[in-house]
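Have a look at this one.
Letters A, B, C, D, E and F name the chains as they come in the text, with residue numbers starting at 1 for each one.
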Amino acid sequence: MWDQILTGFGYWDVYAWISFFLIAGGMVFLIRSLGRKDYKQGSDQDEIFFGSNPVPEDGEDLKVPASSAYWGYTQALKPFYDVLVGFHTGIATDYAGWYILVTALVALLILL
Amino acid sequence: MIEVLHLSILVTIVVSGFLTIWFRNLLSSVISLAVLSLFISLEFFFMQAPDVAIAEAGIGAGLSTAIYIIALRACGRKQFRKEGER
Amino acid sequence: MKARILFLVSILVVGGLLWSGLQAVHPFGEPNAAPMDDYFIANAQSEAAANNVVTSIVFDYRGFDTLGEGAVLFTAVISVAALFRKRGQH
Amino acid sequence: MNPLSVVARTVCNLFAWFLAVFGIYVIVHGHLTPGGGFQGGAVVATFMAFLLVAHGGRKMQSWVRKELFTLMECIGLTVFISAGLLGMSNTFFFNFLAKAGGLFGSTVPLGPNPGALNTSGTIALMNLSVGLEVVGGLSMILLYMFSGVHPEEPFGREETGHDR
Amino acid sequence: MTGNFPYLVVGILFVMGFIGIVFEKNLMKIAIAVSVVEAATNLFIITLGYRSGGSIPVWTMAGSGSSRMVLPTPQALTLTAIVIGLATTALMLSFAMSIYRHYGSLDVRDVRRLRG
Amino acid sequence: MSWQVHLPALLLAVPLLGAFLAPLTALGGKGLRNTWFVLVSAAFTVIAFLLWTRVGSTGTAIYVMGGQGWNLALPSGMSIPVRILMEVDAFSAFMVLLSAVAALAGALFSIAFMDRFSGLEKFVALYFLMVTGMFGMEITGDFFNFFVFLEISSVASFGLVAFWRDRGEALEAAFKYMLVSTLGALMVLVAVAFLYSKYNVVNMATLGKVIEWGMVEKTALVLFLTALAMKCGAVPMHMWMPDAYAEAPAGVTCALIAVSQASLYGLFRVTYTIFGAFMGSPVIPWVIIVLGVLSMFIGVSMAVIQKEVGRLIAYHSVSQVGYMLLGFGVGLLALSDARAMAEYGFTALKGGIYHIVNYTMYKGLLFLSAGALYYATGCRNLNDMGGLGRKMPKTMVLFMIAAAAIAGLPPFNGFVSKLYLYESTFAVHPILAVFAMVTSVLTLASFVKIFQTAFLGPALKKFENVREVPGTMLIGMSVLGVAILALSLFPTWSVNHLVEPAAKALVDQASYVGAVFAASLTGGGL
């Protein structure tokens, strides 16, 4: 009945999670139903507020481009990412070189 | 006597292999590769493997050299414009 | 530049690995006991009815490898043909 | 590639036909002498390369069609795998023709002997089919790579399906 | 007299091929270096199967009274490896030709639109 | 006995025959070609399923290629097998089933996806050859045969990666992939030759029986380990992977994932079954664990900053392969110690194997939905996308399922295997579990990024004409989507029937070896 998987330390139960999500969803709807009743779709209540400027026609001017996502994260880890991007040179011979390098390292580890 | 011949074939293999990597000119390099294949096929004859020797002589020295030369012909001249790229 | 020196060193290490492995295999011309190959030599004529032991291995004992080999060649041919196919050729 | 001079063309023709005959010999005698489908096929394909070099690609392409080689290749491989599948009463790739009488079904005496052509069961059949496949395949590689040297169309957007 | 000299040749060919693969800049030259490594592999396998004084493993040509043959399996394996090597070489050269059409160059330092 | 003993041979013969006849279907036009594509794909999936059920019911299946009888492994008077053996134990059968499902989904997806391109009969032939190579790697019991199938699958995948030859990037990716892959395959061949020279045998089971620990074996192990780890994309040998996965057509990438899983299979067949007895020293397990941790962390760090959909998802492949390497490495560490094996090793192994099935399903679905986006919009840069959720709701739902599964959100299946891995690796060293969790968080972050920029946001003018993708593509995606949902809702069933037999078979070296030698005692004949 209860599908449980024991891992030796804890257990996984998918139906507990599903019932949790159902209960949580019910609570969300409950809270939502306590909201204001005078909201109407299509009226100026759901107009986009664009810094009191006129809203552009095309969505292109509204959206946040993907390269702006996690800007702070990449900025904070800039030294790390500089090394990492520099490591992916894109030169075909380097790919083979890294392969041979790892072979040499593993060989040294095993033979010594 | 046969040992000397064997040794000289092995030395030729090493030398032609070295020249294959060493030459800057691609055509010389390809010809060296053909020589390498030819001598490897001779070495196969010495090791009593005529089956493999025929295959190496036909495929290594003959066909793949032809393929290399065809490929060199395609890349020798600047004959394609660069604007067509995406 | 540093990476290239690293690569050169690692190539030499891999060469050393291969060299040490080659030292550990049997000396040239004196293979270990070869039960499988002796079986092929002894039985190629009676089982596969072929005089050429190599061909009997290639097409009978390890015939499936040869099918794979033909498939590799076929794959390469089809790939080259796909690479140089004409426009709109179906 | 342009055709060579008349002298060179004649010499090439002469050698090419020797190569073809030798290749077919190697294929057919694969189970008796060193050689077999792959080696013989490679030699016959070298014959194709000779003709290609001597006469130039354009003339060559007017003589033979690539579809012919595709057909050769597919038929060779299909015969090969079918010869394997026919042995399925025992196992896949069982040599069901060996020592069964009939064509290719003779037995061979043990020890060194000159051998006979009608021995070795499916091996001879597979040699022929592999020879067919290798000739077709290698000639296709040569012809297609040759057609890639001077593509007839200027390079551009060759596929039209990348965006709508 | 030859001793282990064939093994030494195999080792040298391997190292030269690796050096060619890693340090050459021309795609065509890299393909040639891969061919050298392939040749070294084939030579290696055949070398493993040699029995000194052995005869050809073909009964038609073996000569009477010869019971010691060289090992036939490495020859069968090498036959497969040679054809596979030809297939990969042809494909690699075709890629190089097509890359030249697109990039106008065979230098690996130019052929690096995919990086990072 | 019944015809079912021939299943291992049929599994390889059917797609091969499909490939050999595929160029001839050009004569019959588009309908014949598509019918052939679907028919053969369905046929090998059915055969894979039958093989899996048979192995589950009757144990390890042996098939002697070309022998007098299918189980006559040892000819009279010989103590070693001389012919090529196919040996399918529970782990192989599990991998075969998985690869078949992924390949079927990719095939169904490709019909409509590739419809606008030329040369499709060649595409079909190459696809079947790749599938054959992957099946062959998974069920073969012979090292040289393994090399041949490795080459088939590699060469076919080079051709498929470069199939859009009008994109220079695709050719570049194919060349790079080909360079490292050919080198790795050659090293595998050298390793096979080393083992052959010492023992005069290339059969896996026999090698597992007779092998000793010496210089030759060490050399062979190093060459096998790095070549196969490279083929499945471990850092720092992973750079071909984002290139090739992102540039290949999406249906192909779905099957390419299964191909890299086949390499992973080979890696663990070698380390567990052949060299398993010598894993008392912790060097090799720790090498695998370190490779796994590096792959997880570097792969996901690179994924976060990518801008192309395909490349982003491909970097996630690197990190997900790292999870599997981690799980298998921990299992290998505990292999020679019965107590550690019971305590955490087997759990890690189960986690690794469960992650293989989860990964193949959801990563295939992710690549397919990225392909659907490309099909509908014609762009692959995330910066150009936006607001597609309203236009392509079904694709969005399928993408959501896959993204939630890969990020390990409960109640989806991705979390179960990760749970196994966290808890077992914690027992080895806590830092491993910490790395695994950080990777999981970053995975979630990058998929939120794709979801937000591609599907959410304001509707864009340039995408006004975008419509939902055709039905066959949706069917191909739904195959994987349904598989993910089933794995999520019935975790106990999947662990008991899919994962545990495979894990037991992988650990049990004696039964893999014994199957060859025991089967022949019962004599030949049918």
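Heads up, the rule we're going with is that a residue touches a chain if its C-beta (ideal position, glycine included) is under 8 Å from a C-beta of that chain, and two chains touch if they have at least 3 such contacts.
Remember, it's a predicted structure, so these values are computed and weren't measured experimentally.
Enquirer: Which chains lie in contact with each of subunit A and subunit E?
Expert: Chains that touch both subunit A and subunit E, as defined above, are C, F.
Enquirer: Would you mind checking which chain's mean C-alpha position lies nearest the centre of all protein C-alpha atoms?
Expert: Given all protein C-alpha atoms shown, the central chain works out to be F.
Enquirer: Could you see whether A-C or E-F has the larger number of C-beta contact pairs?
Expert: Counting C-beta pairs in contact, E-F comes out ahead.
Enquirer: Express in whole angstrom the distance between the two chain centres, defined as the mean CA positions of subunit B and subunit F.
Expert: 36
Enquirer: Find the geometric centre of each of subunit D and subunit E from their Cα atoms only, then give the gap between the two centres in Å, rounded to an integer.
Expert: Comparing mean C-alpha positions, subunit E is 22 Å from subunit D.
Enquirer: Just the number, please: Cα centre separation of subunit A and subunit D in whole Å.
Expert: The mean C-alpha positions of subunit A and subunit D differ by 55 Å.
Enquirer: Counting in whole Å, what is the centre-to-centre distance of subunit B and subunit E, each centre being its mean C-alpha position?
Expert: Roughly 10 Å, centre to centre.
Enquirer: Residues touching two or more other chains, restricted to subunit E: which are they?
Expert: 2, 5-6, 18-19, 21-24, 27, 30, 47-50, 56-61, 69, 71, 73-75, 77, 79-80, 82-84, 86-88, 90-91, 93-98, 101-103, 111-114
Enquirer: I need the residues of subunit F touching at least two other chains; which ones are they?
Expert: Counting only residues that touch two or more other chains, subunit F contributes 16, 20, 23, 65-66, 118, 144, 148, 151, 155, 158-159, 162, 165-168, 175-176, 179, 183, 190, 197, 200, 218-219, 222.
Enquirer: Identify all positions of subunit C at which a residue touches two or more other chains, and write them in rising order.
Expert: 4, 7, 11, 14, 17-18, 20, 23, 25, 31, 34, 36-37, 40, 45, 51-52, 54-55, 58, 60, 62-69, 71-77, 79-81, 83-84, 86-87
Enquirer: Taking the complex as given, what residues does subunit E use to touch subunit A?
Expert: By the definition above, subunit E touches subunit A via 18, 21-25, 27, 30, 108-109, 111-116.
Enquirer: Spell out the residues on subunit C that touch subunit D in their complex, using ranges where they run on.
Expert: Against subunit D, the touching part of subunit C is residues 45-52, 54-56, 58-60, 63-64, 66-67, 69-71, 73-74, 76-77, 80-81, 83-84, 86-87.
Enquirer: Flag every residue of subunit E that touches subunit F in the complex, lowest number first.
Expert: Of all residues in subunit E, those touching subunit F are 21, 27, 30, 34, 37-38, 41, 44-45, 48, 71, 73-74, 77, 80-81, 84, 87-88, 91-92, 95-96, 98-99, 102-103, 111-114.
Enquirer: Help me check something: in the complex, which residues belonging to subunit F touch subunit A?
Expert: Residues in contact with subunit A: 175-176, 179-180, 183-184, 187, 218-219, 221-223, 225-226, 229-230, 236-237, 239-240, 283-284, 287, 298, 301-302, 304-305, 307, 343-344, 347, 381-383, 385-387, 410-411, 415-416, 419-420, 423-424, 445, 449-450, 452-453, 457-462, 488-493, 495.
Enquirer: Residues of subunit B touching subunit D in their complex?
Expert: 50-51, 53-55, 58-59, 62-63, 66-67, 70-71, 73-74, 80-81, 84, 86
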